[in-house]
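The following pair of complexes shares a single chain, subunit A, combined with subunit B in the former and subunit C in the latter.
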Partner chain A sequence: MADLISLTINGRTVRAPAGTTILNAAHSAGVEIPTLCYHPNLTANGICRLCVVEVVGARNLQPACVVPVAQGMVVNTETERVLTARRVILELLASTVDLSEAPEILAYMKRIGAQEGRFEGGVRREFPVAVDNPFYIRDYSKCVMCWRCIQVCAGDVQNTYALTWGGRGIHSHVATAYGVPMPQTTCVFCGNCVGVCPTGALKGRTEYELTIED
Partner chain B sequence: MDAPTLAPTIESPLAQERLSELEHILAQHGPRGQTILLEVLHDAQALFGGWLPEPALRRIATYLDVPLADVYGVTEFYDMFHTEPVGRQLIRVCVDGPCAVRGSDALLAALGERLGCAPGQTTADGAVTLEPVRCLGLCDRAPAALVNSTRHAPAAADTLLDGSPVPAQLKIGGLVKVALTNVGVVDPTSLEDYRAQGGMAALRKVLREMTPAQVIDQMKASKLVGRGGAAFPAGLKWEFAARNPRPRYVICNADESEPGAFKDRVLMDGDPFRVIEGLLIACYATGAEHAFVYVRGEHRLGYERFSEAVRQVEQAGYLCGESVDQGTQERTSFACRIEVRRGAGAYVCGEETALMESIEGKRGFPRLRPPYPVEAGLWGHPTVINNVETLAKVPSIIMHGPVWYNALGTSESAGTKLFAVSGSVVRPGVYETPFGMPLHHLIYDLAGGLGEGRTLQGVLTGGAAGTFLTATHLDVPLTFEDFRKVGGTIGAGTIMVFDDTVDLPDVLARIGAFFAHESCGKCYPCQMGTQRQAEILARRARGEKRAGDWIDLQELAATMTDASICGLGQAAATAILSAQVRWPELFT
Partner chain C sequence: MQAESIIRSTCPFCGVGCRVDLHVRGGRIFRADAPFDVAPNYGRLCVKGRFGWDFVGHPTRLAYPLVRRTLQTPGHRTPASGPEDWRQVSWDEALATVADRLLSLADRFGADSITANACAKATNEDNYLLQKYIRGVIGTNNVDHCARLCHAGSVAGLQLALGSSAMSNSIAEMSDLECFMVTGSNTTETHPVISTFLKQAVERKGARLIVADPRQTEMTQFAALWLRHRPGTDTALFNAMANVIVSEGLANQAFIAARTEGYHAYVADLAGKTPEWAEQITGVPAADIRAAARMYAGAKAAAIYWGMGISQSTHGSDNTLTLTNLALLCGHVGRPGTGLNPLRGQNNVQGCSDSGGSPGVYTAYQPLTDPAVRAKFEAAWGATLPDKPGLTTTEFVDGVFTGRVKGWYLMGENPLMSEPHQAHAREAVEQLEFLVSQDIFFNETNIYADVILPAASFAEQEGTFTNTDRRVQRVAVAVPPPGEARPDWQILTDLAHVTLKKMGRPEAAASWSYTSASDVWEEMRRLTPDFWGIDYERLAREHGVHWPCPAPDHPGTPYLFEQEFPRGRGKFWPVAWKTDSELPDDEYPFVLSTGRVLYHWHGGTMTRVSSLDAIWPECTVELHPKDAERLAVASGDWVEVSSRRGSITARALVTGRSPRGLVFVPFHFAEAAANVLTDVRLDARAKIPDYKVCAVRLSRAEPPQDRPGADVPLIGRGAIKDPVGQ
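And then the complex of A and B:
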């Protein structure tokens, strides 16, 4: 039995085994923290920062998906600071990509009062839909750069390494080497990437064709 | 960008011949895996006329046993790598604040007109690509440009295009010389000359008379703090790393690339042996067997100086030795090797964990911390990473002792600091002063003050990620503690001066554009926040103001500062927030 750590989450005392993340400790205690890039089967990179929480004594907000619990830690998951950061992050996301097939994100935005139209009018990530193989399509205008597809394709699952990052900053996108179609890459069409995509940027070809016929 | 017709395509016999030459490059570097990727890409790109065709990348990937997608992802991250043809000549013109104040917009326009191509484009004959770029670190000689890797600063369209060289003027000064002792005096290409100036005596002293623990104690007692901007106590950093298991690494961070920052450039160009001596002392103290110098890719001269210095130091036998404790007769053997590595155009790689990713041959994505580099740095091993100026101070501290060094500064800010002064001053340059002198002394006595009849509008201290001060702060002593009290930043010692002719909204827009361009794209707050901040600031600089701008900038700042992964995002709004405090009227 691992050592139990005692901490406080939103004023309640919670116990969790050493090494547990704040996210999982909170979940066990019935406190839900929103996530986007996080996936339980993949390496957590703490990139979307939606799961940030306030840890008393820490200078900055902390990503709950990667920070382990510590004895006596005091965590608050819905303070003003936390909610401002989450709201602005989602407003930024809505101004950059098409969230129309990400109902959970839209619902959470509504709940915390994030405005979809804020920061509109600047650079958006827009790409033509890539239909280049019989199995799945890539609609990167809907891609939130959670990295999950790159990770499952690489060392986290498949070790195929067909995908990488193109660009930098706002221009970051998922890419193949020199932008070639999937059949010209090392892709083995395992479908793992489609399975982990949270926003409908990757979907089965049949499903895609049904939606565009509608 | 249109493919220039004369650029080599891979089908041409010339390119085929180059593919076989690529084998020589690969053999020179050896099958070392991903860590050597950036070096191979630099050399391959030079071979293929400034860009990296697919067959070359494919061969490199196979040889280094790295997936092709990962190799391509790396080329996409760094500004200096091109996967499409570029002109035979690449002209890079800096468009950041200190150069803008000295006419970089006019220079870029004149070059575009003379070449008949727009900025960002290649001439129709494929001869020249004209590229507006972020700061080149030549702010003391603004406006600055690079023609391939040759510096033109100050640059003028005529001399730049006809290839006349611009003599490099050394602009240094100050009340004391510690880091600057040899600059302008010593031959930076000669170990012999460095030794004639007393160089290598500190390393000899350390090996003969001191245990590693004693060296660390001296460094702690000196109260030297990191000169890259974060001001972490150097001796403590060494001590933490030395406690952790081997292997251990030491890195010299020579990736200086923030607008207005050029003090490390002066050291690496002018006295590389001093930095290498400091690095070797750090290796001895921490028990590191492998050290790296990571030089900003655009600083070709610095890379050459360091490479030559390491070659001579190695040849002279300084990379190994043995020390004997005079008391216990305990022997400590010392052996290390030093590799000089080039960055490739990514400011974020100055962030210590992104720099480590880059040395490992990857995209420069900053890591989550903890763990800190002293526990898990390069390849997960304990790593000390020190700034160029920090290491340049080490030999003097060893020779003269911590008491001497302390006495140079104030009780809370020990020793001396290099300040890079640029913008609207008569003598932009690098000045070394003991901590505690007033800001006025730096701007007026050393940098010659403002042009005739001009008045001071603002001073951006601590770089693009720093804070603004005004004429009311000229008496504030240059110390960490005094600057903190008035909301100023010492940072890496970057001081950008703006007189009454400077358009501050334009300066702010350029700061915004810098961070948006340099954001790595890993975490959401910075990836998208820097872009929206830049868009708002650019729009306002054009005179298009909206009622919500103030609160939008405030909330973007709060989110980036509070939720970004690394220092880039956390500080991307610092100067803007500070401008909102100093000049609220600019934001109405």
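And then the complex of A and C:
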């Protein structure tokens, strides 16, 4: 049994084994911290920063999914500073990405008073839907670049490495190497990427066709 | 997209037994996901599990009972050419016809003239009732299933050495392995989700992997050591590893003394089977054999995983024995991270055997030759049961030619795609007096049938599957079956009632009063001490339980043989180097190995009507670049592959994946069926055919005129490509 560490989350004393992340320690104590890129089965990367929390004494907000607990740490998960950061993250996301098939994100935005249209009018991330194989489509206009699909395809699950990043800056997106169609890559069409996609950017052909019909 | 319902079930393809959530809307499945927190797959699926369920709603599903319009007679049985050859009938008429015909055969030729194939795709409950019907109503033990064609070699070997034949350790242990050997298993294509855990053991935990395989499978990319032995030389390779372990003092003497027998005779036999001797036979450098032996024996825990490459051989049971010898020498069995693990093929091939779908045993391998066991089943079934083990499925075919077998009950099996030497098997089918098929699609065999009984698919019925690590898991109703199709257990229950009434045995009908699949399981577990602790409620709560599970509060058994082996001590078996395979010669200079590709399932009945077919739409003949050069053949050119049994035409896929002199042909494609070529030679103990070695010749051929897609270049055919380069 690992050593138990004592910390404070939202004013309550919480104990957790050394090495536990703030996210998991909070979850065990019944405190839910919102996440977007984080997935319990995958390596946490702290990409989206939706899970940021305030750690007393730390200069910056800390991503709860990757920061381990420390003895005596004082964590506040819903301060105004935290909520402001989360609102801005989601408002920026909503201004560039189609979140229409991410109901959990939309619900959370509503809960914390984030406005979808706050940064409207800038460049939107728009890509044609890639329909290049019999099994799934890739609609990167809906992609929040959480990295989950790339991770499952790589060392977190499949060790297939069919997916990578393409482009730079606002144009960066998940891609195949050299942008070739999926059947020409190492893809084995396991669809484990589809299984972890949080926004409907990846979905099966059958589901996609039904969505269009609706 | 919002689902109207999400049904937790179990994947119907391979033996990994992945849990799936079927998303349903408007009576149709539109998505399959895997629960992230549930064994054995923890959110992972492969292409077949995630996307291959579309066969369920395919318009060609069998939906109504059918009877052939023209009476079929032995020797003149013909394949139906289309729907017009069938008459749609009521269930009453169909079942009465089946009962009448079977009883007539039993009357004229004896009950042993009837044979039945249980189904490794159907549920435990379905298979239990099939063997109960064949044994308890018809009165013969001639029931067997496709395990005979896949792991019979493993089963026979493991029975001799240990007295048990299941995979000894669990999938859950795989990601923490220290050292393991994979042999005769193209794991990434045949057990894709298991392969993800094995690959992670290497990549994340630093496990050392030894691959012994003639083909450059994807697993070789993760191997510390790849032993590329010549096809069929497995026993020489593993004997030489054992020789090194003994001669270098690496054997686990404490384990040998405590848990094994036959060691001294075995060691005496190993003398002379040196790595240098094996190098001559296998082509594997002696130094590599030594390194592999040291790696395996030197690990604190090491596991062996194998597949069809070991089992499907004229010496499949010998191959298995050389592997069990290795594990016994090193004590690598009976602990986590060790074990002897035949990776079972079908979703429920373990369960089909467990449910009594074999000629010599009832549920959980209770032998029917044991009078006490037989008496227990006789009392429960209200029947006098035959005491002689029945025929194996490979003997069904020969039994037709000797006049012993007259009728065949096919539950979900397609022998004209799966049996070796297709022409021979077809001739047998043509000779049958009566053929009935209970299936979800027309296939290459049941177009010869007299009666078709349309069955429900996995997504349309309740029941249980048992996966490769003996984990019993439930399947559930997600969508309604097409037309009048019904779950197999219901069909068999009604057929039993009809048959028993005609036989004038109404008292036996009392033991056929099932109203649900759960009723069937309840009877199974009452008669099977190893299953007693498992019921449907527990399965719903715990998601799955590994049998043996003798009591409701027993946790189940993820790994076997901790204290002892079922036969007591593990037995060493000296194995001589020999082969009865058909070896290449001047006339037929290539070795043919058959097997699978990731995107298809076996005879193709389910996957060739699925979106899966689009990604690998045709048969390919895998050929080494040097051989291709000599034949002046390039990838995409058409070749004729011929053996002494027949010929097929398909496109060449030139790749260094197969060694020189070997061609590999997948057996999914009816228009170029690999089993046209294969031979009927069997392992003497296991009766398993030699699907991995037979002799063929190759020549360039013209594109077949009637083959769809023949005019499209191979590169334009889905994802067909050379996986390894030259």
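Methods note: the second predicted complex is superposed on the first by the 214 of 214 C-alpha atoms of A that agree within 3 Å, B and C clash if a C-alpha of one lies under 4 Å from a C-alpha of the other, contacts with A are read in each partner's own complex, and residues count from 1 in each chain.
Assume contacts are C-beta pairs under 8 Å (C-beta built on N, C-alpha and C of every residue); 3 or more make two chains touch, one makes a residue touch a chain.
The structure displayed is predicted, hence computed values, not measured ones.
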item	value
Three-chain arrangement built on subunit A, subunit B and subunit C clash or fit	fit
Subunit B, subunit C and vertex subunit A (Cα centres) - angle in steps of 10°	120
First, second, both or neither for A:Gly169, with subunit B first and subunit C second	first
Partner touching more residues of subunit A, whether subunit B or subunit C	B
A:Ile89 touches, of subunit B and subunit C: first, second, both or neither?	first
Partner chain in contact with A:Ala16 - subunit B first, subunit C second, else both or neither	neither
First (subunit B), second (subunit C), both or neither touched by A:Tyr136	second
First, second, both or neither for A:Arg205, with subunit B first and subunit C second	second
Contacts of A:Asn192 with subunit B and subunit C, given as first, second, both or neither	second
First, second, both or neither for A:Pro183, with subunit B first and subunit C second	second
After fitting on chain A: smallest Cα gap, subunit B-subunit C, Å	10
Subunit C residues touching subunit A - in the complex, by the definition given at the top	1, 23, 25, 29-31, 33-34, 36-37, 42-47, 50-51, 54, 188, 192, 196, 199-200, 203-204, 222, 598-599, 611-612, 614-615, 718-719, 721
Residues of subunit B touching subunit A in the complex	54, 57, 67-73, 76-77, 83, 346, 363, 368, 516-525, 527-532, 535, 552, 555-556, 558-559, 561-565, 570
Complex contact set, residues of subunit A against subunit B	45-50, 52, 60-61, 63, 66, 81, 84-85, 88-89, 92-93, 95-96, 118-119, 121-123, 145, 154, 161-172, 175-178, 185-186
Subunit A residues touching subunit C - in the complex, by the definition given at the top	39-41, 101, 133-136, 155, 157-159, 182-184, 187-192, 194-196, 203-207, 210-211, 214
